[in-house]
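Take a look at these structures.
Common to both upcoming complexes is chain A, partnered first by chain B, then by chain C.
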Partner chain A sequence: MNIKKIMHVENLTHFYGNQIGCKGINFDLYKGEILGIVGESGSGKSTLLKCLSGEISPSAGKINISLDQGGVKDFLSLPEQEKRQLMRSMWGIVHQNPRDGLNLRISAGGNIAERLLNVSEKNYSHLRNTGKYWMEKTEMDSDRIDEFPIGFSGGMQQRLQISKILSSNPQIVFMDEPTGGLDVSVQAKILDTIKSIVRDINVTMIIVTHDLAVVRFLTDKLLVMKDGIVVETGLTDRVLDDPQHSYTQLLTSSILQV
Partner chain B sequence: MKTGFNFAYLDEATKRMIRRKILKAICIPGYQCPFGGREMPLAYGWGTGGIQVTASIIGKQDILKVIDQGADDTTNAVSIKNFFKRVCNIMITDRTAEASLIQTRHRIPETTLNKDQIIVYQVPQPEPLRKLEPKEKETRKLHAYKEYALMHVKLYEEISQFGSVIKTWAYPVETNNRYITDPTPIPKFDNPKMNNMEALQLFGAGREKRIYAIPPYTKVKSLDFDDHPFEIQTWDECCSICGSTKSYLDEIIINNEGKKNFICSDTDFCKSNLEKNK
Partner chain C sequence: MKIIELKNVNKKFILHNQKGTVLNVLKNINLEIKTGECIALVGKSGIGKSTFLKMLYGNYLPSSGEINIYNNNKINIVNSLEHQIINLRKYFIGYVSQFLRVLPRVPTIEIVSDTLKQQSLFDEHSLIKIKKLLSELNIQESMWNLSPLTFSGGEQQRVNLAKTLIGNYSILLLDEPTASLDDMNKSIVIDMIKSKLKKNVTIIVIVHDNKIRNEICTREINLEKYIPNDN
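Right after this comes the complex of A and B.
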């Protein structure tokens, strides 16, 4: 089977003044792959995600992306309009805090509809059905489609954010600590939901987290970051079961063995 | 009559500046063009934008009509008419068909406008996205990149809550397949009149210092969904003065028992309809 490479990152570097954000990052991302980025606080993983998703423009390096329609493009030199268009349809970010990704003043259905309207869907009943479909897919009660997300629990808001992003059938989804602020049982349920959906629709994902359980559960490949550089990379099971770098060894051994 | 003012109150340099902006606005239909708005002897919110646009294009041959909510005899209309009578010494009319320049607040006349006429709208809020996106920097980007999903989300919300779009005035339109434009607080009854109108439509917002325009024969489409098409208001009653069933009706409470009466909001239309029917 020929697997398509959809993102190629070369020597990606970002400085905040003299401070290193991330430095010399290289990796390839293939279609349907789930890449985890782990590391402690301040290790540059969020900086890396921001560079990849176009939120900040890196000091140096190259990001080549290949889109479904047509060839390879240099992401960093795309005009702002195309970057925004990508973020609004073909790509998507799931923020740690669902309030960053949702509009709390509009209903759950409206939040999902916004994403679809960005790709010029102008049929009300279709918007409605797609909204309900994705709410059910993320194990929400689709009867609550007209309720406002402000009345949802944290876990529900996160589910809503995920269904909003996935509703436009994106090529790449960026997740920044998707289960960050949630309690353990809700975390587990959401991870279950994410896992069943991604296998279902074959979406490509980059997940940033400090939670090794999340990457073990979801990801295929892993980048371990420390002080802005990648110290170890490989298949998730290999990295976690047979860590080579001393920092990764420290990281894996710091999980409480109950 | 000597007033001590230049013709049409504004000085010539200011008029030229506003005319340049009007030309730019006509070139980019629906685009909000910033201009150096002046203080006028009128409070913001009473038509300072419209009055500046009118003042910069008015000529000695022009015949001016000013309407407020469709009526020629309401405070705003009367005071603006008196202002131009004083500073321009020009002809004023109530007849839509006679006027070459019409300044309006909240209505488009029922009589179809022709290619020799210009209609100037007073604009309370030129930015249709303002209530959806408070940041000016962001709304400019949304316009520039044609990212108008927010506007449709608003309509979606109304349909999901009330079963249909309940917005009945300032109903957003798309001009020339490009810019989403605020048609000013005209009732949505008037929206179809904007489409392919023969007359030039100019919009002036004094407080926000923006001018925009819809050139003659330009496509103006009210936003809707494929399965919830745009509809205008209808009434079961007819005008109690002239009996018209085609015009926009105002509901008027006429006694303490709450008895209602419906009359045309366009007073000129009502009068001429009455004469015709006699």
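Right after this comes the complex of A and C.
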């Protein structure tokens, strides 16, 4: 069985002035894998995610990507326009706050269609059907397709944002604390939704979170970050159940039992 | 034909935040397990039976040595890539832990279905098969659409077993599968294990009950001989 390597990251480093954002990051991501990045706030996990998703340009290092079309590309040296196009169509970014990823002044269906229009889908009824399909897939009521997301609960908005991103069939999805702002009661259902969708469509995903329960249920492998560097990496349950590095041991032994 | 091979496997735990305490658990394990064997892991409590099982599943990392799994080709799970181990777990090695661990609010029947979906074996006959298995394990129909997190210990253990036994695995790792079951449910589970053995599934099991061990196991591996001398 040969699974395609979709992303290769080498010595990725980013400084904010003299401050380390992240330093010397290396990993490979294969098609269909879900990678979790964990660490406390200030550990550099969001900086790393932003470097990977193209939101900031890292100070040094290399990101090779290999998508379905076009062979291996050196992401960081792509012309700006090509980078933008790639991010719009092949990337999907799910923000912690759904309001950052949605346009609250257009309808739920409009939000999904907006994204699809970027990948040159123009047929109105097809757009609408795709919108309904994804709303149902994320367990929303598709009759609410014409409503404005401003009237949705936080959990519903997050579902809509996830629908919007996944509808365009992105090759890599980046999620920043996808359940961060939600009530515990909504979290589990959203995690279950994400998990079953992931299995259905075999998407590749990178998730940043500080919640170890989220990574256990959602991710295949982990990067544990501290002070901008990766201190431990491996299969998610191996890292959590048999942590080797002192910081990972501290992290996993600090969870309160309910 | 050998299906599992351990070469010079050592396992120690270093507790960095507890004064760097080093726990040497298992040392110099060299052994082979053949297809279709049913191995009982024995040794006193705390000796490392669960640790042994977890190393075979890739859940614990040996401090040194190789653990080779023979699928179509040889895979050393100690140094394989994550997706290779995940693939092995999806189709080849099933593991039943002592305690059920599932997402809250997901119904029992979906938890069991999930195994078949992961193995791409879920079809129109699957639900009948799943319901039959749950009934055989004495999980009442009224509970199928409930999350197992509120079930009793014995019921949770049976859901945990159903979740793995429904799958089509070549190796099963069972950590005290009958520990919290009454006699009737014990014998049901034993029969299920026997029927897996008839299908030439390789089983490694931790079980304290001598009677059960004699009934299903073809060989014992006593972990006493792998205790490091310096302990």
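Note that the second predicted complex is superposed on the first by the 257 of 258 C-alpha atoms of A that agree within 3 Å, B and C clash if a C-alpha of one lies under 4 Å from a C-alpha of the other, contacts with A are read in each partner's own complex, and residues count from 1 in each chain.
Note that in this section a residue touches a chain if its C-beta (ideal position, glycine included) is under 8 Å from a C-beta of that chain, and two chains touch if they have at least 3 such contacts.
Predicted, not measured: the structure shown is a model, and the values here were computed from it.
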{"item": "Which superposed partner A:221 touches (first chain B, second chain C, both, neither)", "value": "second"}
{"item": "Chain B versus chain C as contact partner of A:41, first or second or both or neither", "value": "neither"}
{"item": "Partner chain in contact with A:69 - chain B first, chain C second, else both or neither", "value": "neither"}
{"item": "Which of chain B and chain C A:199 touches, first, second, both or neither", "value": "second"}
{"item": "Chain B versus chain C as contact partner of A:85, first or second or both or neither", "value": "first"}
{"item": "Contacts of A:235 with chain B and chain C, given as first, second, both or neither", "value": "second"}
{"item": "Contacts of A:244 with chain B and chain C, given as first, second, both or neither", "value": "second"}
{"item": "Partner chain(s) touched by A:107 [first = chain B, second = chain C, both, neither]", "value": "first"}
{"item": "First (chain B), second (chain C), both or neither touched by A:253", "value": "second"}
{"item": "Residue numbers on chain B that touch chain A, as the complex places them", "value": "141, 144-145, 147, 149-150, 152-153, 156-157, 159-161, 225-228"}
{"item": "Chain B-facing residues of chain A, complex", "value": "80-81, 84-85, 88, 103, 106-107, 109-110, 113-115, 117-118, 122-125, 127-128, 145-146"}
{"item": "Parts of chain A lying in touch with chain C, wherever the complex brings them together", "value": "1, 3, 28, 30, 32-33, 188-189, 191-192, 195, 199, 217, 220-221, 234-235, 237-238, 241-242, 244-246, 249-250, 253"}
{"item": "Residues of chain C touching chain A in the complex", "value": "13-17, 54, 58-61, 81-83, 85-87, 103-106, 117-118"}
